[in-house]
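Chain naming follows the written order as A, B, C, D and E, and within any one chain the residues start at number 1.
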Amino acid sequence: MQFLANPARFLRIANALLPWLAIVTVALFASGLYYAFFDSPPDYQQGDSVRIMYVHVPAAWMAMMAYAALAVFAAMLLVWKHPLAEVLAKAAAPLGAGYTFIALVSGSLWGRPSWGTWWAWGDARLTSVLVLFFFYLGHMALTHAFDDAARGAKAAAVLALVGVVNLPVVKFSVDWWSTLHQPASISRIGASAIDPSMLTPLLLMAGAFLGYFLCLLILRARAELARRKVRALQLLAAEGG
Amino acid sequence: MGGFALILARDLRLALRRPTDGAVAVAFFVIAACLFPFGVGADPQVLTRIAPGVLWATALLATLLPLERLFLADAEDGALDRLALAPNGLASLVLAKAAAHWLSVGLPLLAASPVVALLLNMNAAGYGALLAALLLGTPTLVLIGAVAAALVTGARRGGVLLALLALPLQLPVLIFGVGAVEAALVGDPVGAYLQVLAGLLLGALVVTPIAGAAALKLALE
Amino acid sequence: MSDFIGESLTCLRGERPVFSGLDFTVASGGALLLTGANGSGKSSLLRLMAGLLRPAGGRLWWDREDLLADPDAHRTRLAYLGHQDAVKAALTPREDLVFWLRYRAPGLNARDAAARADEALAWAGLAALAELPCRVLSAGQRRRLALARIAFDATAELWLLDEPTTALDANAIGLLSDRLTLHRAGGGMVVAATHQALDLPDAATLDLDVYARRRSDAAKRGLLLDDVA
Amino acid sequence: MGGFALILARDLRLALRRPTDGAVAVAFFVIAACLFPFGVGADPQVLTRIAPGVLWATALLATLLPLERLFLADAEDGALDRLALAPNGLASLVLAKAAAHWLSVGLPLLAASPVVALLLNMNAAGYGALLAALLLGTPTLVLIGAVAAALVTGARRGGVLLALLALPLQLPVLIFGVGAVEAALVGDPVGAYLQVLAGLLLGALVVTPIAGAAALKLALE
Amino acid sequence: MSDFIGESLTCLRGERPVFSGLDFTVASGGALLLTGANGSGKSSLLRLMAGLLRPAGGRLWWDREDLLADPDAHRTRLAYLGHQDAVKAALTPREDLVFWLRYRAPGLNARDAAARADEALAWAGLAALAELPCRVLSAGQRRRLALARIAFDATAELWLLDEPTTALDANAIGLLSDRLTLHRAGGGMVVAATHQALDLPDAATLDLDVYARRRSDAAKRGLLLDDVA
């Protein structure tokens, strides 16, 4: 970790990584989408609407994973004062928010056919994900709420850490409370209870979503670093020095 | 007398003397409830049905709204600097202010709630559970709100932010609070709900002072 | 015999460099006078000294010990007077003093605090107004109150005063400098930023305008810091 | 450009930048609505039934709450003295501040109301009436609130007073506002209701600036 | 040649007599310096002159005309600087100036106001900070801003300044007194309350401590008034 402290080094590594990541991501997307739409069976109960799963589930997983990453960055910033954490957190939050939004929308689109309702207030899984979404929004808002960018980043980091309590709720709400939402069948500890023909595309899509996340993370971090350099130079000019 | 008690006493005094947001909160709570019969139309069934929800929602808002100025007032007139520059840690400052806020807003709210319940002709069976739930719930709401308030002190759009940051964390309290009351109304045992609320309160008591202190340190920079 | 030392301090406010490479030394019984144009960084430096701001570069030592190592100890030993008086309109001067005295010295019990507060009120010439809400105080009376808090703070070894003489009349300024001498005689330190002449016998003077020209390289450093953070 | 427009522009700027009570109000409005489903429970019938009432009650509170600081902020930092010391009369000051408040709170509220109506799954038939009623009603609410705010600026305990002074006067707006929406929902004509609301607004426009100016003069002493 | 006269003025603050039987005269081009201990009533007198306080006794004349007869006219002709700067943290210095300039002179159009504001910012040495939120201004920079509003207020004939030099550095004080001279040369009047020496050539001085002893009988009068009101 620490050896990435210097942004210059980070940038060098990131730039080297980016093209390969991009290629892999595209490949995963292509194959994943192919399987999802053409080479996987419709569900015996749900028919073709099951295909929403290939978007919904990976998105949901990424929503949680991105938040975990955000929390790690926050800790790096507050505890170890890791210089890059600020940039990475700022870059990651909107991506996580995006995935959460997709999970929510795809979920409620899926809910209509399978539960007969778009949204169920009071369903623990749904609510907790909505809360997760709020945390992302709060993080983004707080980051930009101060004239002093550093202050905003730190404040947002505190929030991110506080919000960690919500992650287990999202994950285990289905086990803790009786929800409309089905419990983990794939990401279950031990054997996964889902047909391989559905598992393959699902995992491919998951990989694609992950790759996409990493690519954008790098791109956004790079842009942020550039922005900072520019602002610093402007200030330098303003000081007339 | 430690810093905690001192700040508590001071803030309570101020709350009693200043154009107090706390008092608004209570007024707001009662008024909000009075408004619903007008709005909803006095149909008793409906009122009874929605009473617990309305009670908790308005209570939550009533505690949340005045919180924006919890630290802002002291930050603006320079008192926050001095409060931070004392042997007593920031954590105790957060706790003290939260406590003062709860005593000046939460308690009156509690006292007012039976009246409000009456206005919303809530079934008498729910009163006990309502009071117990509010007693356990409102402190948690305030503690969570205090952290949010510390985070947004000095922020450009503190108000909305506060709501945005606090509510996600406060939702569970609301849900279990309402759950308790409704359970009581249909005659189910409320113990489980109250236990959860108590658990939330304990958790908040442990976590929020730390988080709040961290947030305040930033506000001082 | 303790001493308070700052070493090549850099201060950024909102990413804007204010000063850099600033050094100072205060020994117990000593005094340091901060001068400089508006915006030269006097208040910022005082906030650094108080630990209310964190230096972007450099170190602060108390008796050869890094301040950031034990911030609580530092908080206890300093009293800070800012531009603002932090006077609550709704409280009375007595209430204000009792609170701050006890807040600063947790050991102090209510009776002693009250006695001390009366002493302070008499000193500040606010005895007659002791029971009125501070809302009614005149600007100078507020400032006197804010000063009284510090002047009668037993625990503070280091006084950080940001333009203490603001709104004070000649009489009050006299009282203040007596108090300062007393404090220093007792081995206390004083750091004061002021535009008016404040008589601090044999006080060192630190002119912050000197550091203005160093800003540019501070800016570069700022850029560097920016790069890393 | 007259004093009116200047203050209007200035206050709007501030509303957009400052930790703005106005923004809270809107967040509050939306969130309050989000809360009710949680509280009341998701039963769509009930929600639909109470939607207009909840909407109006929350809207009223959302406009009323931030009003306490309408003049207080300027009074505290000495700006009110300077604002009063200008050729422009105090009446235009009151109007301008009320207008700014409505634009920064009332309008967003209006914009948010369809969303809220949706969350409360209000029947689509009511939307038109709701918007029209809010458009005519909220300015009146703000104008009345502004007078109350001016009155409490000098006085100590502002908050409660404000609510107590304003609400009785505001109730008619609430009643006719809800009436309009419910009429629309059951398919009755809403014209009559809207006319009353319009009448109330005109009356307020005439009376409140004068009353407000008188109140402010006292606050300045 | 207009003149501004106060006649046997009595001032009560919250039923507490501050001074009574106070007279003053200022002619155009003239200046009046208010001195006195903290709480002697300088700010109160300035507020009386501004019409922000109503005298409990006595009269105020402008060109032999009772002020209270036409308060609006008086408002237009005076500029008032209080202890507080009335600087909104969220606005930028330029926005602040443009607003106040135009608010004071309704005729002024946006472009002229902007130009004038730039002029004022340059004068106050705030040009570099013109686009930052006032939150970041130092105490002196805030005061400079508050002064700039008045210094570039074309319409004001009477300047009422309550401790204008607060937090100002020597340079700024110099700028201010130049501005004051200019204003008086143009036939303007200046009334300033201050504890610091402010060089106002051949200014009359009014020491409010003198009136302190008259307070007692004012108290009686206050009582009377109290009975009546």
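A few notes on this one:
One rule holds for everything that comes next: contacts are C-beta pairs under 8 Å (C-beta built on N, C-alpha and C of every residue); 3 or more make two chains touch, one makes a residue touch a chain.
Quantities reported herein were computed from a predicted structural model and do not represent experimental measurements.
Touching chain A and chain D at once are the following chains: B, E.
Between the interfaces A-E and A-B, more contacting C-beta pairs are found at A-B.
On a Cα centroid basis, the chain most remote from chain E in this structure is A.
The distance from the centre of chain A to the centre of chain B, each centre being the mean of the chain's C-alpha atoms, comes to 32 Å.
Between the CA-based centres of chain A and chain C the separation comes to 47 Å, rounded to the whole angstrom. Taking each chain's centre as the mean of its C-alpha atoms, chain B lies 24 Å from chain D.
Centre to centre, using the average C-alpha position, chain C and chain E are separated by 30 Å. Each of residues 17-18, 38, 41, 156 in chain D touches at least two other chains.
In chain C, the positions touching at least two other chains are 14, 16, 83, 90. Listed for chain A are residues 122, 147-148, 238, 240, each touching two or more other chains. Contact residues of chain C toward chain E in the complex are 13-14, 16, 36-39, 43, 83, 125, 129, 132, 136-141, 143-144, 162-163, 166-172, 195-196.
Residues 50-54, 72, 75-76, 78-80, 82-91, 95, 99-100, 102-104, 106, 109-110, 133 of chain C are the ones that touch chain B when the two sit in their complex. In the complex of the two chains, the chain D residues touching chain B come out as 17-28, 31-32, 35-36, 38-41, 43, 46, 49-50, 52-57, 60-61, 65, 68, 72, 152, 155-160, 162-164, 167, 171, 174-175, 178, 182.
Interface residues of chain B facing chain A in the complex, by the touch rule stated above, are 147, 151-152, 154-158, 160-161, 164-165, 167-169, 171, 175, 203, 207, 211, 214-215, 218, 221. Those residues of chain D that touch chain E in the shared complex are 1-3, 6-7, 9-10, 13-14, 17-18, 74, 77-79, 81-89, 220-221.
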